[in-house]
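Inspection log for the structure reproduced underneath, given as structure tokens.
A, B, C, D, E and F are the chain letters, set down in written order, and residue numbers restart from 1 in every chain.
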């Protein structure tokens, strides 16, 4: 691995610890209680939070108290350069989709007290409008914004007593590209990275998920530590942008 | 049926022959060759046209010449006030979805010479972002814009010799609401309409599809004629807006 | 379009406004409460009406009053010259099948007061034994006969207080074949028609559904009007045959 | 078990070794090459034989010589007193259906030299129009008639050199009802039978399949022998009826 | 058919009426209440009996008294020399699998009084670890051992008042291989057998199921009788081994 | 978090850095080229490696060189205390199953040079016979043993020129149980753990995958580091056991 302070040209000219331009357009889907179009430059995901005034059948059957939160993820067919076939046309969700939507759900539940959402289900939907690397981390980042807006609207409408969120949550990818650890990989970097990690962290700096994988390769403890450092820096910056977006979204 | 010239208050104050505000935001999905977010006020649909440099297996097997065009339609889960379950979660596309995507495909093929699209498939995707009545007619209207942009880009890139479109195509709904025939029903009107018709017409004023249906009701030849008149007026106005959107989209 | 009064040779020698020989064989499926084998010459469809003494789960859950009526349509594998694969072998109903069974259901519900079928579901099944054009219109025509017989038997058996049918319903196809509008197209005409319309009308001459479609072509308002005239003539003749068949079926 | 020669009243008054009235109406589905509506009194099954001028993909892939024959079976929804849900609505064929269609296919292949059907697939379809016990044996019996007619027509049309059938085949049910072995059980007998056997035999008196099953009960070797005797008698009578039906069908 | 007493060399040197070495390893799956790995030499099947303290939904809905027993069968992908694709990968159970699991369920229910299993479901699972002919008969033989162990443990634990088994049950294959009837065919024999029969019999010597099938061939009454004799001899020997295995299993 | 050197009682009395008793029974499924029953005490998984002398269709279509390796995972219905429904009965693989089999496949491919497996597919099957925590890490550990045996047999048989494995691979779980980081959690520990991590590492001490997840909780960098230390110790011990098992398996 090269010295991470050495000059190194990323394909889009960013510094190795520099995020892509990130923006949030709240209210993109007005029929959802909370919604946002999150952009990590060319990676753009519609995230929406909807409330269902029931809990799933299994919770009613087992008389589990509190509420439920679940997430669904999909790539719109035109989000990729080669059109991606819809799940329903193939007859089943693909393995990658299932992994990602389980990750989104776990990430939000880690900072959410389901007991306080009594009798309700919070649905999180993430649909990728344009894919350019990091769609799962953008989805988690946007999902938190949409969900927090929805929750605060519920409280404002007198439909929820207390905010179930115990912390904020955001996610970013890190990886080893051309022997150099870098923050927030875009598609060009991602497809040639030898190590690819997704970090999900809270606003208070704790981990929710660490998923590092050698892509037909392996990695050392040192590389792991450098990636964790880069990720923590990125998450802290994203946190601030999320806060501003939530404030903006609540004005609508 | 009341006199159609009599004063009549539509829920949103429109005249009986007045369209909702219609707008087109081209380039919404940059990875597609042509794309547009079409809005009939609160009904908003992402329409994208993608090119696949192959024809379907059955065309290759049967050695059919030319190309193919097909459409897919879906309502995003957060497009409706009550969240709509995804097709893949229910395990199959619902009957309404299948009907609509077949209608979109037929409508575009009626003004398209497949023989001129040699060896290619043109995929049309319509995903409803917000549903407030008339999603199928908005989809056809936007699909033509996205497809025309894609085709003209193919020609500009030297990948297609000649434009397969033989005419333009647009669609609008008409119906009988509170005994009065009206143009371009929104959701509030649609759910109480006793007759509901979808008209698909070409820029030269010919019909592609006429689908009129009594909603647990029946209708007379006179009502049918009035609805056809209203629709023709609406389609003519939509044509002009489509042309402008295509010109705008080709500048991107 | 040629003068519709001019001499014109249809493939089977019929006049342009002449129906094929139509017949009804009631009681074809004795285990159904009402059943008929309807023949539009070589197009033959088994139509059966069965009563289920329950309403669908969603009606019970939402405490909707009254009853339900629904239709299913299929082409038997040997109904076509090239054997048609069963839906179950392909794993799903095809789009055309779904469109047709939705049309049959809507057509009957338009002349049926579901509130009077308290607590029951009326199942309509249409299975095509031989296909030679117009299977959907023959299905609607036969379905009404089977359903009316079933309803009258329910009343005779003291299981229903009042007849929910508010009118009769029948259907016929019309189309433009070799530039000439013709009534009741058979397969040879249908596959070369440039316009294809299906009309569903009541015994009192009102429309239930009008579905006209240019087959990779378009059509004018004048053509539309001529087709509606032809269809009305055909439906009136079919009404009389339906009445006789119902009377015959009730004697069994 | 009672003495089988003792007087014993079957529900429909038949002798214990007496078949139900059996009839064949050939040509029921004219688009199939061979077809017959076979009736064992109130059990009525449409059997059709269609030719596909290809062999299945696996035969082409493995370069297996000869042709193929396969069978499909279904109960039409209105064939039973309580409407039977379609396989496609339930999303899968039920176990009983799969067992029966495999049995029909094996039974016909046992008397058929696939090598002589070079390059063709013979499809056998059996759809039950009315079910009153013994639908699988009626299906095999009718399937042979439809298939033999189709084969002889192929030969007459010069499309096949030699008849692949090496023998005829027929089937009948036998069982123990009220402690008495009886031939050709109808529904009333079948549902109370303690032993139920289906025999498939050739015209020359050999067995193709013997399937005897105690219905939540067991049976002795003696009972087995009596059932085999009854079945052989029934099959011999059915053979003659099949021959006449084939001759009749070939005149059409 | 050759004289069955004449010297005849089976591929593995067995006498024509000799079983393969049979063994039972109980407790193979400790989380099941009863389990056994049954081996007919190289055919090895894991059989497990699990108790569910509920009856199926249809029994509750129809208020049927007693309990239920059902069986599932699968071949593990590595049980065959060429890896066998999993059912879930193909999207559906194959016809053979469905036939076999229905046979296993019927066989056990024939010697089991469901009324005595009040409110419980007994699940029988048979997974083939190694396939060398006769997996269905080995499954039935092992399933009885696993189920009997589970039932006796339930009784010992005071959870069941009375043993619902009314007899023991076992199964064996017989067939005609090189014109000679033989007992317990292994794979090499099975694939070349012209007649293949599966016998399921009780400990008291009665039949539960007799399924004889000519494999693209037919057979005579004499052959049938010889096969039944061979099978009865085999079943009697298997009964003794089952008894010993159950006793062994109850010691665990 | 408590001092990890302090006395701490694990439910089964192990030290916090102590593995469960691990054993390997090779040759459990003789029809597979390599197979092993791996036991982490009461967690037992059948792992089998089968060779298919073809590559997947997409590799042939895209003319990708080399071979392929893929994994499938399932829990046998009787592997859990409450019987687990089969995937095929539910109609689809559950999300957890899909995640795990993707993880197994990636883990083995990270130490495997697909280019050297020219024209072949290596299938890895992992079926859980008994589940007591850590089934995915046991599966990876056993899968490597089965695959290595299969590969070496291929080489010995002259069917492969060179060993594609570039390193060994093993996996173990670590987690935080009652505020204490522990190695190799069993089921009792796993269900109450607040942090759960799965480590996949090579014989040379590099990481293949690190997946740490707070179970509705979060964790610190210090906890992460402690868990990585514990895991590395466990993997080193497992490596030795794997080597011995492979040597043993190659003697069969």
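Miscellaneous remarks
By our rule, a contact is a pair of C-beta atoms (placed from the backbone, for glycine too) under 8 Å apart; a residue touches a chain by one contact, two chains touch by 3 or more.
Here the structure is a predicted model, which means the values were calculated and not measured.
The set of chains touching subunit A and also touching subunit E is given as F. In summary, the interface at E-F recurs among the listed pairs B-C, D-E or A-B; the equivalent pair, sharing over half of its contacts by residue number, is A-B. With centres computed as the average of Cα coordinates, no chain lies farther from subunit D than A. Chain centres here are Cα averages; for subunit A and subunit F they lie 28 Å apart.
Centre-to-centre, using mean CA coordinates, subunit B is 52 Å away from subunit D.
Here the spacing of subunit C and subunit D, counted between their Cα centres, is 33 Å. Annotation for subunit F: residues 91-92 touch two or more other chains. If the chains shown are joined wherever they touch, the resulting network closes on itself as one ring, and no chain has more or fewer than two partners. Each chain touches its neighbours in a single ring, whose members, counted from subunit E through subunit F onward, are E, F, A, B, C, D. Of all residues in subunit D, only 92, 95-96, 98-99, 101-102, 106, 109-111, 167, 197, 202, 206-214, 216-221, 224, 228 touch subunit E in the complex they form. Within the complex formed with subunit D, the residues of subunit C that make contact are 28-32, 35, 42, 46, 48, 50, 52, 72, 74, 76-83, 86-89, 92-93, 123, 125, 127, 129-131.
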